[in-house]
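Same chain, two partners: chain A is paired with chain B first, then with chain C.
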Partner chain A sequence: MMTNSGARLTQGQFSFLPDLTDQQITAQINYALEHGWAIGVEYTDDPHPRNTYWDMYGNPMFDLKDPAGILREINECRKAYPRHYIRVTAFDAARGWETPRMSYIVNRPPVEPGFSLVREERDGRAIRYTLRSYAVDKPEGERY
Partner chain B sequence: MSAQSPLQSASAPARIDLAAILREARVTDALEQLDHELVGLAPVKTRLREIAAFLAVEKARSSLGLASGAPSLHMSFTGNPGTGKTTVAQRIAEILHRLGFVRKGHLISVTRDDLVGQYIGHTAPKTKEVLKRAMGGVLFIDEAYYLYRPENERDYGQEAIEILLQVMENQRDDLVVILAGYKERMETFFRSNPGFSSRIAHHIDFPDYSAGELGLIAAGMLERMQYHFDAAAARAFGEYIERRQRQPHFANARSIRNALDRARLRQASRLCAIQGPVDAQALSTITEQDIRASRVFGEASRSE
Partner chain C sequence: MSNVRPISTPETPAAKRYKAGVLRYVEMGYWQPDYRPLETDLVVLFRITPQAGVDPEEAAAAVAGESSTATWTVVWTDRLTACELYRAKAYKVEAVPNTGPGTKTEQQYFAWIAYDLDLFEEGSIANLTASIIGNVFGFKAIKALRLEDMRVPVAYLKTFQGPATGIVVERERLDKFGRPLLGATTKPKLGLSGRNYGRVVYEALKGGLDFVKDDENINSQPFMGWRDRFLYCMEAVNRASAATGEVKGHYLNVTAGTMEDMYERAEFARSLGSVIIMIDLVIGYTAIQSMAKWARRNDMILHLHRAGNSTYSRQKNHGMNFRVICKWMRMAGVDHIHAGTVVGKLEGDPLMIKGFYDTLREPRTPASLEHGLFFDQDWASLRKVMPVASGGIHAGQMHQLIHYLGEDVVLQFGGGTIGHPMGIQAGATANRVALEAMIMARNEGRDYLHEGPQILKDAARWCAPLRAAIDTWGEVSFNYESTDTADFVPTATASA
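Up next, the complex of A and B:
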């Protein structure tokens, strides 16, 4: 039985929806800019859900007024890493938050093999479960 | 059916009132405000009206489905220092925003330092960073001719110019670039960078102010600072302007502002020297002696 037959990675916002168009991404960036959040573009090829710290593409972008510059950055990242996961995060520096307020995937590999369930047998017939992406069998940079 | 109503309304407006476009976008207000606040600059104001009219026509054309490519709006402002280039750039950003040709309408003012890096590979990210900030608004490059240094062929300015040109061409609807600087040096700059010249649609020249206009500017500045000249001081300041204009390094309105600032300094030290209380009248009056103490008068009398 396959519960997620497409094996699409579901992390962050909008991940159960079809991929966002550039127009929709622009609207989301605009929302973040209106709130004064700093926006970063990040990429990775390790889709494990606990892999929180993705590599940042360029610098985080502060003090911008318009999404056009960020969309340009996203497209440059897509050009450099066409088969990686790319996400956009919006960081809120306001006291009390100091955390990303938005995070959504804007690029994914053409084929996502999904995860296997790994069972580890422990003492006394105990079993520990963990997830492992089929993609990470290959070394970094050759996974997708 | 509700689906029919947009079709009907779309076919209705075969005529478009251009004045209404300008009025609705509050462009007329912005132009009138410019007329009020900026003294002189008649050719600049005429050019701005023309540009506003052109943009309104473009807008009307596109709403009637006529061909209207995104117009090239990059400009060059040439003129001596203190002739109001930055102020006008701010207004243009506002007008373009109101007509919907830039999305946010902010003005980013930069010079060579903000665009050109200090070592290899530093320039491109720096320029791109500035361009990103300027997206949706107006990028004002003051003293743009410093970007190009012909005497040093390894100067990084060339790299910044190339990135600028690329963005000016490919992202015309994302930002408007205004280059500003002295007339002669800008002309040399455009001659040696023909790429810029051909991408700039509007060359606007800012004339120097006449003595009378400078007097009006001074009066406006004083009014905003809540000071005033007494009769003798006004006469003396008229004389001051004429003498100052003949001296080197005259920077039009900026020189006038500096002259007024120094007059206020002298007024302050004069008032502090007086024993006893002063009233509001004394605190806001600049007298003849505050003006006459200027170096401009001193040098003239020495040379005569």
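Up next, the complex of A and C:
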């Protein structure tokens, strides 16, 4: 079990707050749409902080401007992967940004075992650190 | 027998101009009221307090002269050069509003001076500053002089690397989007051993901060050598990363007495896996540019502490405005710079600070007198610098901080984290909960600036650490008048 505040993975914008309701998710979708950002839904069962490429639940929804429709996609992803981490990311295509502008978690596995820290002792007192999710001992898709 | 003999020359205008002797600067070509700056000119705005009896045009011409080609007397060797090109040209002076007779301040003038691009070496802040702030600030004909702003031509900007990492890539590397980053400076700043120091880092990061920071004067002292500090801090960073699943960092200050020492420290930080290193402004412009190049080569974020800047940026009549430092540091290539808090314990007028933040973050800053920006500045796609707000701020001000500073900023709550009554982790958690609650409310379209205290109270109902933070510091504020304020109010009339 994770021992940090909230005993949970704290990636994303809102992980220190109670889980978002559908209404709260919709408000955040609206904020992204008002800025012209495209929303993507991504899931993973390898939450290593440097695992950049979570799997996409379809391409970012460049042409879908209806918050209810976007929420439906999010909820379908949750139904398909109820024990995965799922995040909502808003992509900004404007010059000078061209990068995610929002990212927040909307689904988590029921139990979050967290990470071990592997220390490889090197020359002098230097240590090379490796972070390893306890969950990745099992193959993809069978982790939570 | 002397081989120098007087030459009889015809009295042409040029011969008259270059006759040995002393001329007023306005007569030497440094005052050209009809001049229109070229796109490729560097244009500088100075605030001048002339000595009694020196008229403003002569004072402006003197500043132009002494910051470019002039010396105190006529020299014939000018005629071996394209001297008219190399002369800086003062082309406009204006009385500064609310100075002079009937006010509390002696008469000051704004002077606009244009410099040809060929006066400056490419990619060198040292060369640029050797001209612009070199000899001229000690010149006797002016009582005081302040460098207020500078329009850097795109052609010159393109010779600079710019920020090693920039806001966009920093966020992608850290995997943190859509909210300010949170930091804290380890306290007490001096005296902790490496082992004890790392404890503070671990607690703060595990509790919810993204970064912890060395202070500007933590280098390698008897109580803690730099290698110990780096080793213990990286243990703390990695432990906290494992405990939270987030990328975490500690700004390891590599400031040292020589470049060789700084490179050694930076290499060690990299070998231990640190994502970020830190330098102090006092290491100098060339050293900063060297470290920025090192940081770009080594995928390292480069944090700059503006140690020393207030010695020349705070007083309004002499020195230089901090917005110029912001410009030079964006060119020099740092990724973070302390740029004021508005609401904290250190100097900062809200309008002026917006000018600094825009200068660091925007692709283009239009002239805006109420923000102290005198020129349109196109940043030529130089990356964006992340401003850092640090000094006397706490969770109870979160709504004001986000309102004034936006989301691309590092908010550093040192005392507000480490001094928390329930401990350092709780202090960090209070700050993170306050931040996320406020960003959520902002995104929901709430009037978070006015509802801020209520939004924090609502979050404090389920978050005991935030409740304790508000109870402890809720009423603390630093309401002193700023010394560095705008000369103009938004309507571009003189300010009171």
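To be clear about the criterion, the second predicted complex is superposed on the first by the 134 of 144 C-alpha atoms of A that agree within 3 Å, B and C clash if a C-alpha of one lies under 4 Å from a C-alpha of the other, contacts with A are read in each partner's own complex, and residues count from 1 in each chain.
Methods note: a contact is a pair of C-beta atoms (placed from the backbone, for glycine too) under 8 Å apart; a residue touches a chain by one contact, two chains touch by 3 or more.
Keep in mind it's a predicted model, so treat the numbers as computed, not measured.
After alignment on the shared chain A, the placement of chain B and chain C results in a side-by-side fit free of clashes. By the touch criterion defined above, A:Asp63 reaches chain B but does not reach chain C.
In the superposition on chain A, A:Arg72 makes contact with chain B only, while chain C stays out of contact range. Contacts of A:Gly114 after superposition on the shared chain: chain C is touched, whereas chain B is not. Annotation: superposed on chain A, chain B and chain C show a minimal Cα-Cα gap of 15 Å.
Interface of chain B with chain A (complex): residues 103-104, 106, 125, 129, 131-133, 135-137, 171, 174-175. Every residue of chain A that touches chain B in the complex is listed here, in rising order: 58-59, 61, 63-70, 72-73.
The touching residues of chain A, counted against chain C in their complex, run 2-5, 9-11, 13-18, 24, 27-28, 30-31, 47-50, 52, 89-90, 95-104, 114-117, 125-129, 131. Residues 168, 171-172, 175, 177-179, 206-208, 231, 234-235, 238-239, 241-247, 271-273, 363, 381, 384, 425, 429, 432-433, 436-437, 439-440, 443-445, 459, 462 of chain C touch chain A in their complex.
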